[in-house]
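Below, chain A partners chain B and then partners chain C, in two separate complexes.
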Partner chain A sequence: MTRNLRLCVFGALVILYVPLLVVILMSFNESPYGTFPFSFTLKWYDSLLGSNDLLLASWRSVWLSLVVGTLAAIIGTMLAIWRVATSSNLGVATDGLLVATVAVPWLILGIAMLQIFNLLGIGRGTVPSIAGNTVVVLPYVVFVVVARLRGLDENLVDAARSLGATPIKAFYRISLPLALPAIIGGALLAFVICFNNFTIQYFLLPLGVRTLPLEIYSQVRTGYSPAINALATVILGTTVVLAVILERLGAGSRQIRAKGNSWRS
Partner chain B sequence: MAQLEVRNISFSFGATKVLRDVSMIIPDGEFHALLGPSGSGKTTLLRIVAGFLKPTAGRILLNGKDITDVPPERRDIGIVFQQYALFPHLNIAANLAFGLNMRKVRKTQIASRVGKILELMRLEEYASRMPGQLSGGQKQRAALARALILNPAILLLDEPLSALDRKIRSELREELSRVHRETHTTSLLVTHDQEEALMLASNVVVLERGVVRQSDFAERLYAEPSDLWVASFVGRTNQFRSACKRQGEQTLVTVVGHEFVVPRRAPGADEYVVVVVRPEEISISDGGIPAVVSGIARMGATARIMTTLSDGTTLEALVLAPAARGLECGQNVYIQIPPSAIRLLIEQ
Partner chain C sequence: MNNKRRWVLAVPGLAILASLVAVPVLLQVVTSMGLDETSPRFPDWAAWNRFFGSSLYARVLFKSLWTGALATLIAIVIAWPVGWAISRASRTAQKWLLGMVVLPYLVSTVLLIYGVFVLLAGNGPFMSLLALTHLVNAESSILYTHSATILMLAYEALPVMILVIYASSENIDQVILESARSLGAGRFKRFTKVIVPLTLPGLLAGSVLVYVPSVGSFVESQILGGPNGIMIGNVIADQIKRINDPVFAAALSLMLLAGVLMSIFLIGMLVRPLRASETSR
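And now, the complex of A and B:
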């Protein structure tokens, strides 16, 4: 029984990871058509560096995701703090709206947002794209930060108040540092989701302005260069690094200040 | 100099009345306790005193000054919570320094005051540890130190020992007692544990469902409970109904045909009273009221002996182990009750 289960899990992992391994392997393979025998080369990485389209698209994606991740972290944290403090109907309604944003397919959201921006006379553009992507990733930040804030001992803020901290100081000295791992985690999650978000960007970015997902899509349509494999490998590496950071933040938040004995917080 | 006065405090949560017209005064330097079962509103009252809750009616006065509308950070009141509430992202020294930092005390002074309090609470070696690395007892000592370092006018203790295991609890109880002797900080302990209240506090206020049932010296609370509820809540009691005859300052009561002249006035005007006797006042002896042993619970140094009288009344006696030696269930014995140990209360 357990042996079968183990086999199933192993099989699932193989299905998940073998394509990734193939992509990595092919990025180092001489053949432009992904055929064997394998012979090692770095020329695809070289051609990646020479491909202005891919580099420009990558830069756009990083830039967009950074802006969206930061915005989502700030707005999401504020929403989360409000959400933990209130038990009003408006708060409950907000939960519903956030869940809806996750549940409604991005395709629908993308079309709907494009129509709204057209109606408003704004149309496609960088700002609509930032706004649209932020809305889509916001719930993830709020959920992560709310969970963290709810998990904190509520007496901590009371203790800080009794020791002379105003509500604002208690927030900056106690709640914020304790929620920070969750806020950073939420921001990273927002960054990654935005980086990947072909659908929303397809609808909202100005025509001809392509972020990485759009660029890869258009290249794959016309002809496929193994330079994309090289790029995928770079992105994969970056994602792994981000995932490790996320994991550390989750597990090690308590140890953040374990070292040193500064008497100032 | 710090006297705390709770004046006619009421608190409602929606339609639920949590506190009804509660008043108490803690004179400067005294240690009082607020004793009640869970749901009696004692923690609510503590949170009102601390400033975390606004009372529906009534005032809180500190040295005669109304502080009802003063926010917690300007009340000069220290609190120790049941679950310690140490800041988990700061080490112990930084936890202790938190209040001084908030008051913008100079760094060199902070260091010396932190050092001094670490020494007072015997926490020197833990200064650079994180709260998560400390045991429950150490955490609570640190929490106490964090409150005391500011020399607060009032120290509030919210079930400070309830999360600790038995041995550590009695150690820390000693510690609290010692700290109060040394600092004379006006203190209010909130607890559901009567032993804790009686051992630490000079005065105890008993709260039941938001109402003060009795407010008295700790010894008197046990010896002279004001009503049956307090008698049952504080310590164990034997209670039974008895006819009574009033004879001036004395009262004649009957226990299975045996008459007792109790040297006190019977309360109320009824023909019947409730006779209340603490188990440790009853002794097993060679003469007195005949009874049958119906159960024995030996607890090391002491033993609880259940006896049944001829009319079916059950009386519990608490005796030292030697007095219970050789006793068996079903054995015929005699029990004695000193008349002066009998309390008379009205039926409810």
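And now, the complex of A and C:
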């Protein structure tokens, strides 16, 4: 890297991280309006523990994202197994539908889903919100798991089959364990996207039921308490931990692939 | 799993994709023609007459389209040298740099908007620092202007853009650049004749990925954009959240979708000459 390029990288990282660092700094700053001079305090963390709105919203978000992440991992893995095996037109159409789900703005998807739930007489609610969030994160799980299943060494399954394993047994004993890092990775990705998905939750959750993105949004609009800064810092820390886990899972999958290749040669 | 019953695995996934993506989006066409309890009759063209009857909505739509384009362009300009530099770094450096680029992408958009909101606020940290130079007043700020929305959208687009440019630059062999240099191509010519054509397909894919949600955004403009920063997304969201007019919301959504598709098609036409020159060599 030349010196100029290095400066560009540094500059971009500064741009990316300054808004996050400001929030973190504010969470330790005595003044509630983010003004200087800086003086250290932990009182916003204390008031966070006393803020029922924020804690309740956090709990709702974690709960919703766990359900959605699990559902998306199960349904997505099933769809991926089928997609890898089929070469039918329906398979190609499914790819198109998955891409469309990612490509259409969430605003349009959210409104369209709300309209269909209204027509069915269900309206807004927890179940529509779970279903809507699941379908929005589903493509990410499918893409990750399909890529992993396509990358698997077919010789491993063939070897198991020639040693007398039934197709189903070969799948559960060979393919599934090898695909597991991708499935967990996909589930974590689904969890993170759902946890942060403001738009779908904005349209599908009942009025007054606020998850974390909705709570932050409403507080920013109506005058926020600096306890948000403390909560944001906690969430950032958690995101870093999740990102490291995701990275480790990716590293693990590369190791398996390398082993598979060396075995083949 | 080599048996005929494997299609059973696809049923739940296909069922929710069909019932919650395909059917609802197609249903918006019928909804826009008055299929809703808020509409007096069906078919009813009131929503479409309202859209085409005044230039107001078309203007907001165009404003959103160019706002998305501008945000995408800003992101490309900042991301290009960065993505390229990361692709030329050592394996270990790549891993760390990519990790650092991805992290903000995993943070909630609302939280990022909030961060920028705090950063830009009058008397906030950014303006206080600027005020130390005595060139600006600490209370004045670009917060609550359309520029803030554009910058926010570009900021959100940055991680994706860097990743996409990195991914398409990674495969470019250093040998190609060396031979271009030995044949007398200067720095600028190497960029326009070698790097641009080779990274273009990836760049286009990334631009679409960033452009579409930018045009359809509404939270950024609502929190940062102020009274004159309204986007088509705000108008659509308001039809649902405040006015309860799903028929007009459906018509606006379809126009937004059409506008986005048309501008993607236009971008494809514009870059076609560049691509042709790439394949002819």
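Just so it is clear, the second predicted complex is superposed on the first by the 251 of 265 C-alpha atoms of A that agree within 3 Å, B and C clash if a C-alpha of one lies under 4 Å from a C-alpha of the other, contacts with A are read in each partner's own complex, and residues count from 1 in each chain.
Everything below uses one rule, namely that contacts are C-beta pairs under 8 Å (C-beta built on N, C-alpha and C of every residue); 3 or more make two chains touch, one makes a residue touch a chain.
A quick note: this is a predicted structure, and the numbers were derived from the prediction, not measured.
Asks: By the touch definition at the top of the document, which applies to A:164: first (chain B), second (chain C), both, or neither?
Replies: first
Asks: Under the stated touch criterion, name the partner, chain B or chain C, that contacts more residues in chain A.
Replies: It is C that touches the greater number of chain A residues.
Asks: Contacts for A:6 in the overlay, against chain B (first) and chain C (second): which applies, first, second, both or neither?
Replies: A:6: touches chain C, not chain B.
Asks: On the A-aligned overlay, A:79 touches which partner chain: chain B = first, chain C = second, or both, or neither?
Replies: Touch partner of A:79: chain C, not chain B.
Asks: Looking at the complex, which residues from chain A come into contact with chain B?
Replies: 153, 155-156, 158-166, 169, 173-174, 177-178, 253-258, 260-265
Asks: Spell out the part of chain C that touches chain A in their complex, as residue ranges.
Replies: Touch list, chain C to chain A: 1-3, 6-7, 9-10, 12-14, 16-25, 27-28, 31, 36, 78-79, 81-82, 84-86, 88-89, 95, 97, 99-104, 106-119, 121, 123-126, 128, 155, 158-159, 162, 208-209, 212-213, 215-219, 222-223, 233, 236-237, 240-241, 246, 249-250, 253, 256-257, 260.
Asks: Flag every residue of chain A that touches chain C in the complex, lowest number first.
Replies: 1, 4-6, 8-9, 11-13, 15-20, 22-23, 25-26, 33-36, 75-76, 78-79, 81-83, 85-86, 90, 94, 97-98, 100-101, 103-109, 111-116, 118-119, 131-132, 134-135, 138, 142, 167-168, 171, 192, 195-196, 198-199, 202-203, 212-213, 216-217, 220-221, 224, 228-229, 232, 235-236, 239-240, 242-243, 247
Asks: Would you mind writing out the residues of chain B in touch with chain A in their complex?
Replies: Residues 47, 50-52, 71-75, 77-79, 81, 83, 85-91, 93-94, 97-99, 101-103, 107, 110-111, 114, 127-128, 130, 132, 146-147, 150.
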